[in-house]
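Read through the structures below before going on.
Heads up, the next two complexes both have chain A, just with different partners, chain B and then chain C.
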Partner chain A sequence: MPALTRSLPAVSKHAVMIVGVLVTIFPFVWVAMMGTHTRSEIYSSPPPFYFGDNLISNYERLLEIMPFWLVLWNSLYVSVLGTIGAVFFCSMCAYGFFAYQFRGKNVIFGIMIASMMVPPVLTLIPFFLTVRFLGILDTHFALWFPGVANAFGIFLIRQYMTTSITRDLLDAAKVDGASDFRIYWSVVLPLIKPALATLAIVMFIGLWNNFLTPLIVLSTPEKYVLTLALRSVQSLANSPWGAIMLGTFLSMVPLLVAFLFFSKQMMAGLTAGAVKG
Partner chain B sequence: MTDVTSNSAAAASLSAERRARRRKRAFRKALMPWLFISPYLVLFLVFTAFPLLFSVYLSFQEWNPVTGLSGMSFVGLANYAQAITDPWLWKSLYNTVWLAIATGIPQHVIAIPIAYLLVTAFRGSFRHLYTATMFIPFITSTVAISLIFYTIYSSNNGILNQWLLGLSSVPVIGALFAWVPDAMPIRWLGSSDLLKPAIAMVVIWKYTGFNIVIYSAGFLTVSKDLYDAAKVDGCNAWQQFWHVALPMIRPFIFFALTLTIIGNLQLFEEPFILTAGDSGGVSQAGLTASYYLYLVGWEWLEMGSAAAISWILFAFIALATSVHFYFNAREGLEGHN
Partner chain C sequence: MASVELKDLTKSFGDLTVLHNLNLTVEEGEFVALVGPSGCGKSTLLRIIAGLEEPTSGDLTMDGQWVNDLSPRERNIAMVFQSYALYPHMTVADNMGFNLRISGMGKAEIKQRVEETAEILNLSELMSRKPSQLSGGQRQRVAMGRALVRNPDVFLFDEPLSNLDAKLRVQMREEIKRLHKRVRTTSIYVTHDQIEAMTLADRIVILHGGHIQQVGTPTELYRNPANVFVAGFIGSPSMNFLDATLSTGGDRATLSLKDGQTLHCPLSDRLPAETEVTVGLRPEHLLVAPSGANDNVLHGTLELLEPTGAQNHLRVSINGSTLTAVDNTLASVTVDQPVALTIEPEKIHVFAR
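After this line comes the complex of A and B, so read on.
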């Protein structure tokens, strides 16, 4: 242990961390509590820092201002389809880049890497117009499909393949008479499961939390995803904040629960580019 | 004789057939990689490459999408001229840079010491518990977080104001907060001076944990032997941190800074929600460049201008990133790895 940290007493080290933890979790505790209070209770003085007893009425109010479960289903639907699609298509493309030598490969791979540097803001307008031309405006398809073969995912998986799969293995499979697709499907895919899991985590979280794409693509309230639906009730006259906070809290629960069980994998996945790059 | 010719003819046709088959096989073999990467090619061409080119074209047109494609008319550089004479554009760029700096620096200044402390003073489950907890904001939706902070910041009896008020009546430290009762109600989101700091706090709160995880991974690569060697050489505690640990994590700093710069220059959701989507908040103090782009394209329905603005914004991000690369890349890459 380096001297700088050894010179501090253990209590103060924990104190620093506990302050950090408290600052981090306060808004989560706060939103959970607010979901059980009425609007006037939330804005009373002093503010109620305890759980109230209006959970049921807030829940009923929440269902009045938005079709909450339908919207939750929409979010789930978009995120699951986008995740499955990305795991399949990204690994397929990554295999193409990994297993073959062909003319133009390096150019395409280079363009792909460069395209990761293009800020999404730049593609926002053209993306919207393309979606409009294709007639998929106001559909869930436009939310999950365009990203299923994305540069980040392909790059991530190809990198993993180069470290975990040897040429010999591919050659051996070929000698055994396996077709190209079969080698990819039955030989390679089982060996890159950790990378697929990483990609799935990143994709699911990204899709679940996505706000900008739904904002510009969706217009029918019944098709809204959680982020968009919550934003849309923010500006209601006399906003029922208790109900909105309950909805906000519920919208975070799935990822928080997942994080409880898979925190190591999720942290590793979301920082994969940094730590391995 | 005839026998021989027919034989050789048969041989020729056989080899032609074989050659054709071989060519077919070679063709299929050459096609295979393209089949595998076709999903990327198709989606890239349809949703990125073509749209990008089209947006160049569009930036020279005046077009309200409601009118359909025929409503497009060529206006030359008018969109660009209009954009750079629009005070809102400059205001939004100023706000963007302001927020990028005010949120970027604290994230790293807080994250590096915390990560160092985590790696050097804790191990096992304590380290994981602390790191994971501070990472939670990063996996949570920005919309949800911004809505929560929207209520926390509320000027009439929001909990932040209530706590400040409470602190001012606590003995001893109350003196520090003596100004609070006079300043009440503090309009965090309703005054042009406080809006940007209020947005910045949310961004810092959300991304510091992410940087802590990156820097922890960085400090974990520094071997104990290095610290021991430094100690033998007479380095004190502070020097070990400053001269041994910090230079070793340069590549991580470089990478984290790159992500922060690119991300912060595109800030949209936090200001959008905290100003309730209302034209960038009071006197546009919360109007970031992306936010402005959204207003022009989707609220005012001027797609041509919005396309021009997105290219101006792109140039801006590219410039900022290359300045960062120019000054930091060599140092960043010179570290280990």
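After this line comes the complex of A and C, so read on.
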């Protein structure tokens, strides 16, 4: 009995965590299972909670209702370009705020932070009008480019710089003869890798899951990204849910893979400010 | 190697002027220390010489060339920072070779120069380590190596030893001195530690409130301080000061203290013109007076006796002021009893108040 009392906190802790994990992964498993059933099986009662044997036919149906691999490529293209662009431009802009003294620096930074408070939905119409004015409507460029210098990324990286880079280090590089860009590239960038990884993964997920921007920007089906393509086939009278679920599951795979590779850096980036000794 | 010259150099941050019309020449190959209390502007001056700050007005020349507008690299200076400022993501070898790489030197030559420098500083074993895997003293040596490897015209040191413990500091001080003897590069060294400045420098520049108080060799500053600030700053324990009235009748000057006791010192042109003066007495020049002595003797009460082994530090109360005396003879004196101190007339300093 005393042994049980002693181990109770640990047991309950584990129980809570296991429940948390189950709740988190349930939708993924559920979607994966649905991807192997036919539409009628999915609508049967109770719904089947096991893997079925219609994977191949669902896959064939998926390719019939949308150019799945083209759409996946479009998503990947937009997300990768947007992520690389954001990591590059946000870190450069953050470096500017971190390393240089200029008139109005704090005011500009303040306005930038304030812009993060504006609900994205409010900017939807202005965004559409701007994109149309620039003549980039119905292009992938309009999906990834506007976000490459975003307030969140600049803020995140600048804050990380202030905790991990000393002014002496910049001065030392200057005395060593490094140009401003060289200091940014050879000294600053390698030291903010965790923050870059965090921003990269946040940007990638954001771009990959983005539905609203493609919805208002894209009109040609060949240019659709996954979110838009999966939604567009649902409007059919007889939605092939098995195929859609399979497509949904396949669209999650790149994110899971990315997380497997970057999770360590991401955690390091998110906790760096908190635990620095 | 290059000489460095400041002409009417002034630096202000907004309304606050931190350096006032400084004039100074550092000769080729010379080791000059800039000393002063915190906030006296010594680090700012060093940063201006380095090219990391711009002077508000005045000229900075190196080897006669006007360098105000040149970048640190174009001035060919190297700097050792208080925090060492090593690049944490690079190995010792990369840290040392970074500036050579920037200047476009070939890989083989970089390797050779880095290895040569590492040998001078005993770093050869540590070349593949990262700064976080080094001790404080080793980091300090890497920082010096990084400066040394490029063969600069001028070496700048910004309190390079202040992050080390006392023992290591003495050791590194010796290494810096030995290194300077070997390479003879013009060096400017900022410190707030007067002992460091005295032991290392050929000449010392004392800064206070953005003004140069005095420039001279360590011995000159110790023997002939220009004012009360320099007198109090140089020497340890620091100089005792007493208010006195100066009269110059006869063949010697008489200094009358407030309580009527008098001291005599030789007449010289160094004596101030005023009659109200401050008398400076170095603790190591104050001796316990033998009984019966009556010339240049100050009578007081022994407040505190601090034995340090080789010498005793006496805290003597004289008419409301407390004087420190360093007694090398370990004379037997008793706390709270009268004690008499004497000083040679030539060793009395007199300053205008």
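Quick note on the criterion: the second predicted complex is superposed on the first by the 230 of 277 C-alpha atoms of A that agree within 3 Å, B and C clash if a C-alpha of one lies under 4 Å from a C-alpha of the other, contacts with A are read in each partner's own complex, and residues count from 1 in each chain.
Here is the rule we use: a contact is a pair of C-beta atoms (placed from the backbone, for glycine too) under 8 Å apart; a residue touches a chain by one contact, two chains touch by 3 or more.
Bear in mind that the values here come from a model prediction, so they are computed numbers and not experimental data.
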| item | value |
| --- | --- |
| Touching partner for A:Thr166 - first (chain B), second (chain C), both, neither | second |
| Partner chain(s) touched by A:Asn106 [first = chain B, second = chain C, both, neither] | neither |
| Touched partner set for A:Pro190, first chain B, second chain C, both or neither | second |
| Which of chain B and chain C A:Ala178 touches, first, second, both or neither | second |
| Touched partner set for A:Ser219, first chain B, second chain C, both or neither | neither |
| First (chain B), second (chain C), both or neither touched by A:Gly96 | first |
| Residue contacts with chain A in the superposition, chain B compared against chain C | B |
| Interface residues of chain A shared between complexes with chain B and chain C | none |
| Touching residues on chain A, where the partner in the complex is chain C | 166, 168-169, 171-178, 182, 186-187, 190-191 |
| Residue ranges of chain B touching chain A (in the complex, touch as defined) | 30, 32-37, 39-44, 46-48, 50-52, 54-55, 58, 65, 114, 116-118, 120-122, 128, 130-145, 147-152, 154, 156-159, 162, 166, 205, 209-210, 213-214, 217, 227, 231, 236-238, 240-241, 245, 252, 255-256, 259, 262, 265-266, 268-269, 273, 276-278, 289-290, 293-294, 297-298, 303, 306-307, 310-311, 313-314, 317, 321 |
| Residues on chain A engaged by chain B in the complex (per definition of touch) | 1-8, 10, 13, 16-17, 20-21, 23-25, 27-28, 30-31, 34, 42-47, 49, 89, 92-93, 95-97, 99-100, 102, 105, 108, 111-112, 115, 117-130, 132, 134, 146, 148-151, 154, 180, 184, 205, 208-209, 211-212, 215-216, 226-227, 230-231, 234-235, 241, 244-245, 248, 251-252, 255-256, 259, 263-264, 266-267, 270-271, 273-275, 277 |
| Footprint of chain A on chain C - complex, ascending | 47, 50-52, 71-73, 77-79, 81-83, 85-89, 98-99, 102-103, 146 |
